[in-house]
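Next, two complexes with chain A in common: one pairs it with chain B, the other with chain C.
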Partner chain A sequence: MKSYAAYLLRRFGQFVLVMFIGMNVAFVVTHATPIDPVEQSIAAATSFGSTSPEAIAMMRESLRELYGLQGGIWEQYVGFWKRVVVLDFGPSLSAFPTPVSTLIWRALPWTVGLLLVSTAITWVLGNLLGGLAGYLHNNRTLNVTGLLVMGFHPIPYYIVALLLLIVFGYVWPVLPITGGAQMNMARGWNFDFVVSVVKHSVLPVLSLVMVGLGGWFMGMRSLVSNIVSEDYVVYAELGGVAKSRILRSYVMRNALVPQVTGLAMSLGGIFNGAIITEQVFGYPGIGALMIDAVHAGDYSLVLGLTSVSIVAVSAAVLLIDMLYPLLDPRVKLA
Partner chain B sequence: MRSILKNALLAAAAALQMFGGAHSQELISNVPRKETLIIENPEGTIKNAGWFNIWAINAGGQSNGLHQLATDTFWYIDPNKGIDGVWDNSLASDKPIYNADFTEMTVKLRKGIFWSDGVEFTSADVLYTVETHMNTKGLRWSAPIQINVASITAPDPYTAVFKLKKPNSRFHALFTVRWNAMWMMPKHIFEKAGDPQKFAFNPPVSLGSYTLNSFDPNGKWFIWQKREDWKRTTLARFGEPGPKYVAYVDAGPPDKRVIAQMNHQLDIIHDTSPEGMFTMAKQAKFSHGWFNTFPYAHPDPTLAAVIFNNQNELLKNRDVRWALALLVDIKAVSMASYRGAASISAIGVPPTGSHPENYHIPMESWLKTFEIDTGKRKIKPYDPGVGKQIAEMLRPSLKDQIPSTPADIAKGFGMGWWKPDPVAAAELLERAGFKKVGAQWMTPDGKPFTIKITVEGEARPVMTRAGSMVAQQWRQFGIDAAITVAQGTLNDRRAAGDFDAIISWSVETWGGHPDLSFFLDSWHSQFVAAPGQPQPPRNWQRWSSPELDKVIEEIRTVGFDDPRGVELGREYVKLAVRDMPSIPLMAYNVFTVMDDTYWTGYPNAVTAPYTDPVPNWGNTKYMMVKLKPKQ
Partner chain C sequence: MLKILRDLLRHNRGFAGGVFLLGFVLSIAALSFVSPYNPLDSYVVPPDMPPGWPHVLGTTSRGQDVFWMLTFAIRNTLAFGLLVALISRVLSLVIGLVAGYAGGWVDRLLMSINDTFIVIPLFPILVLFYFVMRDKMSWVALAGVMACLGWAYDARLIRSVAMSLRTREFTETSIFSGMSVPQILVKEHLPYVLPIVFSTTMNNINWSIGLEVTLSVLGFTDINTPTIGSMIYWANQHTAMVAGVWWWIAFPVALVIMTFLGLFLLAVSMNEFIDPRSRLGRGKE
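Right, the complex of A and B next:
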């Protein structure tokens, strides 16, 4: 127990260090970008409008003051950490004065919902099929399934998504091709809205599953292929243990350990958003928000989103490190 | 196993069919499709969707219907012919009235115009709008108001008088919509709202014929509804708006826009690729562009050009700039960029709106006689038949899609351009001290002549393709030319002068009105920034010319409608041809595609050029009264 506590303390220290480094990198990268949020705002405000050069100079000065960008980089750095500590990233610069947190919380449920469902389906299906294919390697149906799954894996995601759009949005138009729910529908936990959300998520989820399944399938099949030749599996077979029990308790359980790690990383990565998916399917998540923030040079929003992502991934890794010893007794705590 | 798989697939298909149903009828909840016009919002997703305070800089959406349907101001100038002429007195009942030295502007207001909450619009709103901008830093129009306005008074509820700090014959431009302008604020709402920078103005109180019905908190769509009292708005002079509802939606990437219109889920595509347009023209009989035939696109009153950084040591000499212009084959650029669907221009004015009548046609004879001295001989570089040549080049493959009359060809493809002349280009470069060593041109100080053309990449593929073609043509001549992609950073690089040449536009005009001050005033050398310092819009080429300064200074002293303004505009054109600070290429063509399934009466180039169909323009409010439901 004492060694487990020391192990946890060490892992927690690493968690804090990783977050500190990650946040600093995020700060440096966003401030090193050549995009100036003030110039972006001026360009947006004056595009197609008649504005004199003197007015532009005055506008530039006012915006710097309004956005709090007048101080030096050190002042901004200190301000950034003050905000991180209280989990307030201030107002978005490209949607001023709306707080960054409001924008993130508005988009986050959509991304989390979409990616949680698609990750869960992909993980369960990929591991199940991969495990079966690795153990029952002579089964023709599983081999065909494997070929199909592996066939989709290398196709660029955009192509698969576009294919789905054309097939189910145009040729056989049975599914909506854009947005998170039907336009003008009252939001809430009512049947119609939930059905609409599910309906709008079918194509994005399907595209993610089709492309993502191959990775889990391949990983699990390789792991199982190795495990089936391990001594303890061979002994179990020679000892007449039922095949289903060998598969469930001896093979799958051991093979799942690295897959669970991968799952934790994937779940942490949910907070990065699914940029291409959200762009292609017009899904209202944080991936699209991030792209927009980067293009607008919106430091505050980029830092807010990056921080959420860093915390989520680091926390996922910490969590799995904490659970590892419980899942796999071979893990040494010392 | 096979039968299980087969059954599963069949079940999935059945579920999809039941689940999806005829989803095209279910596009919008609680709003009849037949009464709704669905328009692409080119701003995409509005991340701050619940923000309708358009006076705060860059805080929310603008082209989401807000400035097309809900806001209003004194005057509108149409980029095309206009619904009742180019100029429209909107909230004003007459044109701006200036005193003799342009230090005072009086505005007479229209009576009987009401905000959507039933309060009458009066000069008190004008005063409030202007004074709020005078007293608040950082609002969208604070700076131009604070620079120009000394005071404002309202002698009666329908008159506003502006006293200006200095003479300004174009002050009214601030309140004149070309694409947008300074919109009027509702005094009775904002005076109770506190800090105008932090007030979301949700729901917005409207001066237009529509008011907000609903919007997506995630910014994907906005639905506007015709006001019951639409007769108490400025648009009512032209009749009742057709659509009861107007939805502005984020339609996604170009492929999805095409699919959505093929499914009749998107009545107006703001812009698609040339290829997308050609597909629609071929396959979707209900879809059409500004031109019913090739080149389909609406030529916006902006001029795409190869803009040189005139502060670059190598490009300061106009001989070098002219040499580079003479190496461009515009036919190849037109094919590479727009697949031939481009409206070319040899002069620094876009070939759209009233400009062909005021500039391109009258200047044709001058262009034909214009000469360049290469140092060895004089050449006449203008070829008046290039537009026609492009049309003829396309005719074998597109047949009757290509217009046949010279006037229609000129309208669609433009008139003349510069003849490629590598020999003259070489002579000009040699006169500027450049030398060709082997296959490579060297600068006067013996280094390889290197030039980078900055392009936006995927963000603006048509212009990127144009830049690639120009770079290729320069490279074939022996110049070390290449493109550099500045996706997302173009604004910053352009403002900082961080480029040799850039594909962009520095010329934007009113379109329907010949006055060029919209962009030209900011080209005065008094505003040219030092190298490395941010350049205010729009003289991105950082061109300084004492002769141009004189033209601009005289324009400032003549009235907006004074015919002398056009003469001075032509003087600018001559100077720009002689100096070639940027190589004019073509109008920025926008492939707006309109679907006739639910609505008819869209504007078009031939029979109804009453406004710009490109739906992010404030002027597109006029479209609403022309659109009628398809019977």
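Right, the complex of A and C next:
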């Protein structure tokens, strides 16, 4: 138990480091620009509507503070961190008095749901198929599946999403192609609404799964095909242990360990994919919010979203690392 | 080297396929040097013409020839990928080799930073970067930022090889014969990791092109430089799909998928070639 605590402590240190570096990158990026961000943001935010002069003055004030342009670079840096720690990024500029945090909280469940479902499907399916393909490497069906799955793998999210949109939006319109749920429906835990949410999530999830599957498939296949030539597997086969048991307890279990590490590592990438998917399918999550924020010149929202995504991804990585010892007993000793 | 290439071409279908696809894409890119049009000019040909002679792949709503536009777009896209790969290779090589050789606290420190860069969600940071740069955003600046963020995974691979090289006898011999650490790394260890560097380069180019396409499709890059992404961006701006000008989107998408598949096949087949275990496995079948 003691070593598990040490392991946790180390992982927690890693979590802090990820946030620290990520935030510093964000700070450097926003402060290394030669442009006056305040005037630019105000110009962008007020170019469409008629905002009153008082509101503009308020915006300028809150922006100066938000950018931390008062004081030296060190004070600005400290101010930046204060905001990140309490997750308070001030009012949004494009939806003016609404606080950034409200907007983010509204969008977060959609993205988290989308990511959880698609990551779970991708990971389980990819490992299962990859494991089988590695174990039964002369199976025709599995080889063809492998080719298909790997063919989609190198194509960027945007293009796969676009293809799905064309197929299911124009060629064979059976599924809703935009939004998170039907517009005129009451939000809540009733049957109709849940069905609508599920229906609307099919294409976004499908696009994420199609792109993600190949990586897990390939990884698992090569891990398994290395393990099947190990002595203990050969011995078990000679000893007449049932094939299904060898696959389940001897091969898959050992191969899963690196795949869990891979899961933690890939989270940042999955998050990137979700943002594109949301844009293409008009899904009301973090990604769509971010893209709108950029187009509206909403600095506080963009900064808030960047920070939240860094925190969310590193927290998810920490969570996976915490579950890791359940799978691999050796971790506790290390 | 040539012999290896010939063997790969003859016996590895993936490699041959990759070379063929990439060769095709490269020759399209090369045609940009003999293009009759300037890529930045619009309304030089009749707009919205379907594929046919003399505009083989049709024309855009901005009065540009899709085929010749595509030659510039793919050239810039490939150049972008190469630039990112080049810079990030240097970073991953230095960090991977040093961490693997030094071990101890240097290794722990470098790998902590490395893991951090692996999990950080890049896309929001790139969007933030575009957001503050706006009109000053250039192609080279984006490549620089992406290279700074995209070295981590490969550094880990290189480190794992460097760690095993550290324990080999020839390393000890070089130390005793008085070689300095940089000398050992460059002269003794570098040749062993070069195959990995080549195959990760392919993946890195794919990764950076994918991100560039995605960012430009959303309008988050310098959209006036013709790339595959900015071509799709302009097509979307003119609602090409709805207007029935499908060739404006379909051909760039097809070409970029070819590029991806080509690079991907090369990377996979090179990996197979490098990894002796899978080579043995192939011999058995």
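Operating definition for what follows: the second predicted complex is superposed on the first by the 239 of 334 C-alpha atoms of A that agree within 3 Å, B and C clash if a C-alpha of one lies under 4 Å from a C-alpha of the other, contacts with A are read in each partner's own complex, and residues count from 1 in each chain.
One rule holds in what follows: contacts are C-beta pairs under 8 Å (C-beta built on N, C-alpha and C of every residue); 3 or more make two chains touch, one makes a residue touch a chain.
Here the structure is a predicted model, which is why all the values come from computation and not from measurement.
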item	value
Touching partner for A:T30 - first (chain B), second (chain C), both, neither	second
First, second, both or neither for A:S52, with chain B first and chain C second	first
First (chain B), second (chain C), both or neither touched by A:S118	neither
Touched partner set for A:Q279, first chain B, second chain C, both or neither	both
Partner touching more residues of chain A, whether chain B or chain C	B
Touching partner for A:N254 - first (chain B), second (chain C), both, neither	neither
Chain B versus chain C as contact partner of A:V294, first or second or both or neither	both
Chain B versus chain C as contact partner of A:N127, first or second or both or neither	neither
Chain B versus chain C as contact partner of A:T98, first or second or both or neither	first
Which of chain B and chain C A:L162 touches, first, second, both or neither	both
Chain A positions touched by chain B in one structure and by chain C in the second	34-35, 40, 162, 166, 170, 279, 294-295
Chain B-facing residues of chain A, complex	34-36, 39-41, 43-46, 48-60, 62-63, 65-66, 92, 94-98, 103, 106-107, 110, 141, 162, 165-166, 168-170, 173-180, 182-187, 195, 199, 202, 279-282, 284, 288-289, 292, 294-295, 297
Chain C-touching residues of chain A, taken from the complex the two chains share	14, 17-18, 21-22, 25-26, 29-30, 33-35, 37, 40, 150-151, 153-159, 162-163, 166, 170, 218, 222, 225-226, 229, 264-265, 267-269, 271-272, 275-276, 279, 290-291, 294-295, 299, 302-303, 305-306, 309-310, 313-314, 317
Complex contact set, residues of chain B against chain A	1-2, 5, 16-17, 19-21, 23-24, 26-31, 44-45, 47-48, 51, 56-60, 137-138, 140, 142-144, 146-147, 170, 173-174, 176, 178-181, 197-198, 213-214, 216-221, 223, 247, 249-253, 255-256, 259-260, 262-263, 488-489, 491-493, 495, 508, 518, 521-522, 527, 534, 536-537
Parts of chain C lying in touch with chain A, wherever the complex brings them together	112-113, 115-125, 127-134, 136, 145, 149, 153, 206, 209-211, 213-214, 217-220, 241, 249, 253, 256-257, 260-261, 263-264, 268, 277-278, 281
